[in-house]
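By letter and in written order, the chains are A, B, C, D, E and F; residue numbering begins at 1 in each of them.
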């Protein structure tokens, strides 16, 4: 949506919450938040709060039956009261919006990158990621929390003898990065997100490889050097999140 | 769904959680659970957990414009992971089920019973009641919590000078009662709810009058004496909840 | 929706149609109104006119297959031209409204209260209750008429040797009661219905037990004494309807 | 759907109900069947029974506003219990089928052929044609009955001084014709309809001109001579119906 | 929609494109326009351009399984950019309009008139007719082109040994005719179509029999003589199209 | 979806169509393919064929009214017959799938990156990108073609005096890149797309800056070196496409 000649970048403002540009917001991962789910995590990235619940069920979707392979899928949604101004329910509107579809698909793909379908056997794990409060970065918080819920669901299945091996081949975490006033910053809250010239979501495995890279020039298209600095920053953030995930899982 | 001659009522079992028949589950009302909403309450009736958020907006639905009167409405929904077995999202199914409609309408009516539309002015308050975990009595927990969120939203509007008077004419609380093994019991958890021969939801004002009475013979139709004992028990439960609401609101 | 201090009840007006407060409107039950249905009844409560048709089919919904038990369900709808002002078709709107859902579910539950599923065998009876003209009390007229259509459908199935016993364990009838100008009245037409402070629908078996009790304070919440008088009045009305049903069925 | 070489036409059977090939079923037009509608007619073609209700409202659809011209539209639907085997509700399915759409549009076009929009003024008349019992020819019965309801609605509007002139420029009636066992027949009941090789619906004005001609070879394509004989038969049937309409309207 | 007394027909204008009244627009049938489909034809009637693609799949709809008979069906749609002013997508609106349904059904019926289901075996051929550019007569162009795609799909199935015989029992073509300024004309472009007093679509087999005749008085109802002249003109047009189809198919 | 330990990369196969790894498929851009649209382009990337039509209309969506700014939006869809195996219509399914939403949004964002909303004035340009034949890379072909249609629509608006300046601030093109057998390749056809371990879509401006970068590890997560080589390859492809776009536009 670039069109006005960019003004010479003004002196960048410090971040509202006083963080360094490459610093995450306070992250918490509360496991076992629900009594019934096979795995459940309340994940918080600052004021962003997402409930990630993993439900495990025997069987797989029809197109996969008899393959011996499992399946992992995800559904993302926002509570109407999670946003600054109340948003309408998609169930009331009778249709799911493009953004919701897009994020649900992204979460599912990200988690499947670390799943060995054969070891999972013909089981399906569904990750419900419901945003209770939104303050930027809900999709990356959802992926980061959903991985932990997924790990718990795998443990739950394993303890019931329902697995054919170890389904998790690694861990996965995600973070947003963006350019604010010409400066790359990590883990944007809502206030920074709306001001970002460029916005990028990065999903990486615990061993530092990329699963998804999605960058969008909300305002001015960006050059290769800027892209490189965003990728560096995202890799740093994902590495930090991986440590937090490991601690949460007691490892 | 009665059809077999009822067996002579077996000796009634004590309640699973050791409660007396006329005793509520542990109730908690946590105000201010969200940062943005005009009022928000996490209400817990034992393991049942409902997030009640009140959003206030200027203006009223079209059919009410120019009347000088406000409006209060409610939407109820369950997270897919809230139930013992995961339930499908209504947004994915593309239509809202009859039960959801029914409960949303009940909550809205119940709250409107204690609202003075004129004092509210042409403002709309929407109560979103999202069940995070379901263990019986979600609709009555929702009404009980939503009243507190509504009170906070009225305070919020008042502090902004947006009101024409005092919109709340009283308080409202709700509880379920039922007959289990021939014995009337208060505030049924899921396990008792599915076994109940008769199930009744009672909504009352803080001064002890009825707003809604909904009783259904899930199994054997019930006689007038049984109905009277259920009404007595519900009145007792609503009175107890009224005390808890007052305490939560600091009164 | 109470808010203004109730004025001292004015001297109650006599009823528009000259009825006593505890008197039903003229009731007619015309059996066999359709040529194809297993049972069909045109029920009239004054000017309210509902066509109740029972269709019987072999088999039960999927979740009940192989149980040996039958099923009874109902669908309620209003013709667009049935109301004082034409209402839009739900098929055109593409979704069924909350009120329609609610009433369909009520009718189904009410009829199932007098069904022995085992005796019915794995058959499904669907009751279609289509309001041809609405003048208040359509849901209670529908239940009262649908019971007679259901009885005819059971007879029809029996004459084909499709039953395992006698599916009907009793009869069921329903009536509305309400408080108008502070006075309890039976079987409200539309004009009284919109003026009622409190509105209650009562469904009872032929032997005088309650199947459903649904009371709503449209305006002022009501006290226990008023509730008791409404229950008495409803019981009287259901007893009268039971007599009319028996006569219609030639018993 | 022709494909097998047609067998030499067997000796045609007499009609089940003993009618001559060019004879209508018993036709009745009961005016004023509803209390609220501007015009309402219960039309019966033998066992086919359609309730036609005309609702008049001030104003026209948006695309016609300010033109000074009125509008006439129609909606056709079948009750689930109207058919030999119960059919699902379109409101429950959430979408209107092609056949319903097609017939609604046909009825609307047919009636508009005899309307002077200027004389109608900016009023809309909606014709609801709800099939209570279906035994073939429901769309032609609907048109024939809807014309009478439309005439009554015009009278109703006129008596309220809401018209700018005389909106009806003529009358309109419709009938089905078909080829059974090689013989053209008038006004087919369901049993003949399903056996017809060719099926045609003819809509004509009272002065003998065509409004719609819709012929379909359900089996063998038909030649021009056969087409001509069907047109003759349809014209005869419409003329008979015109007489019956005039009588019903007291003219 | 006739209502004003028709003015004496003014001297008819010559056609915009200089054609004779009984002359088709330039017709082209381009076979094999797509690489994957079993048959595909880009059909052009002047500026009207429709892509007709035939997909063949093993198996038939559920209601036909085990019958040994095949099935042919069609779906018609318009690209949003095909019309003079952009039209909204039906996928975005979430529902298919009546006109689309009507035309899809017409195309399917027309093609089935020349199919021997037994020879087709339990295969389904779906004809997708997507209007790329609309300039009147899209449905008749679609039928004319779809027949050629269908013939190619039959050849494709035959070459794979998937047939039980020769499914095509003949050919089928379609054309529109109408009355403009009192004069019957063949194959109307958009500009003439909107001005036509009467509009008729005629579908005929290659041996000159009628499959469908659909005539509508858009303005004045028409008399029998006018109807006869339209039928003559349509028969002439279909005969011309049959020749062009044969040439396209190399016969 | 990685899970099996990757086999040592086999010797990479040459490309099916003999192209070099950094070579585009034959690209054609046919302007003016439709008669009515403000701009229309049939774009071909090998056998992938997308019709891009730009419709211009006065006014903007409601949320933008009175801002003096224009709007550009896009809708992507696939014809059912465009895919190797016929796919169901989204209009028939009644809902738009996640992939369609995602791509429509991507195209819109990409084009808006080179639009000066002020210069466009309060006009809306809608780009309809309908896939006529799909052989991989439909979304990148759509963006590349839609840019040319957009340029034509701007010219069309300019020639009518409807603009406030020059809305295009640059050009935009897009291409897919992927890793096949461990080797980065440009512009994947369907056959390569399904085999790709990693798949990336790159959207760039004519002056070599990034608008969107979307990379997904369909199989093994990828490291930074591989990501860098994909970005280089994409930049090369977009530069080549920019030359072709300029030529097509006569520049």
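Rule of thumb we're sticking to: a contact is a pair of C-beta atoms (placed from the backbone, for glycine too) under 8 Å apart; a residue touches a chain by one contact, two chains touch by 3 or more.
Chains and their UniProt names: A, B, C, D, E, F = Ribonuclease PH.
In this text the structure is predicted, and so the values were computed from the model without any measurement.
Asker: Which of the two pairs, B-C or A-B, is linked by more C-beta contacts?
Answerer: Here the pair linked by more C-beta pairs in contact is B-C.
Asker: On C-alpha atoms alone, could you tell me the rotation angle mapping chain B onto chain D? Nearest 5 degrees is fine.
Answerer: The best-fit rotation has an angle of 120 degrees.
Asker: Report the inter-centroid distance (CA atoms only) between chain D and chain F in whole Å.
Answerer: It comes to 51 Å between the two C-alpha centres.
Asker: Which chain B residues touch at least two other chains?
Answerer: 94-96
Asker: What is the order of the chains around the ring when you begin with chain C and head toward chain D?
Answerer: C, D, E, F, A, B
Asker: Going by the contact rule at the top, pick out the chain B residues touching chain C in the complex.
Answerer: 1-4, 95-99, 101-102, 104-105, 109, 112-119, 169, 200, 204-205, 208-217, 220-224, 227, 231, 235
Asker: Any idea which chain C residues touch chain D in the complex?
Answerer: Against chain D, chain C makes touches at 34-37, 40, 47, 51, 53, 55, 57, 75, 77, 79-86, 89-96, 100, 126, 128, 130, 132-133, 135.
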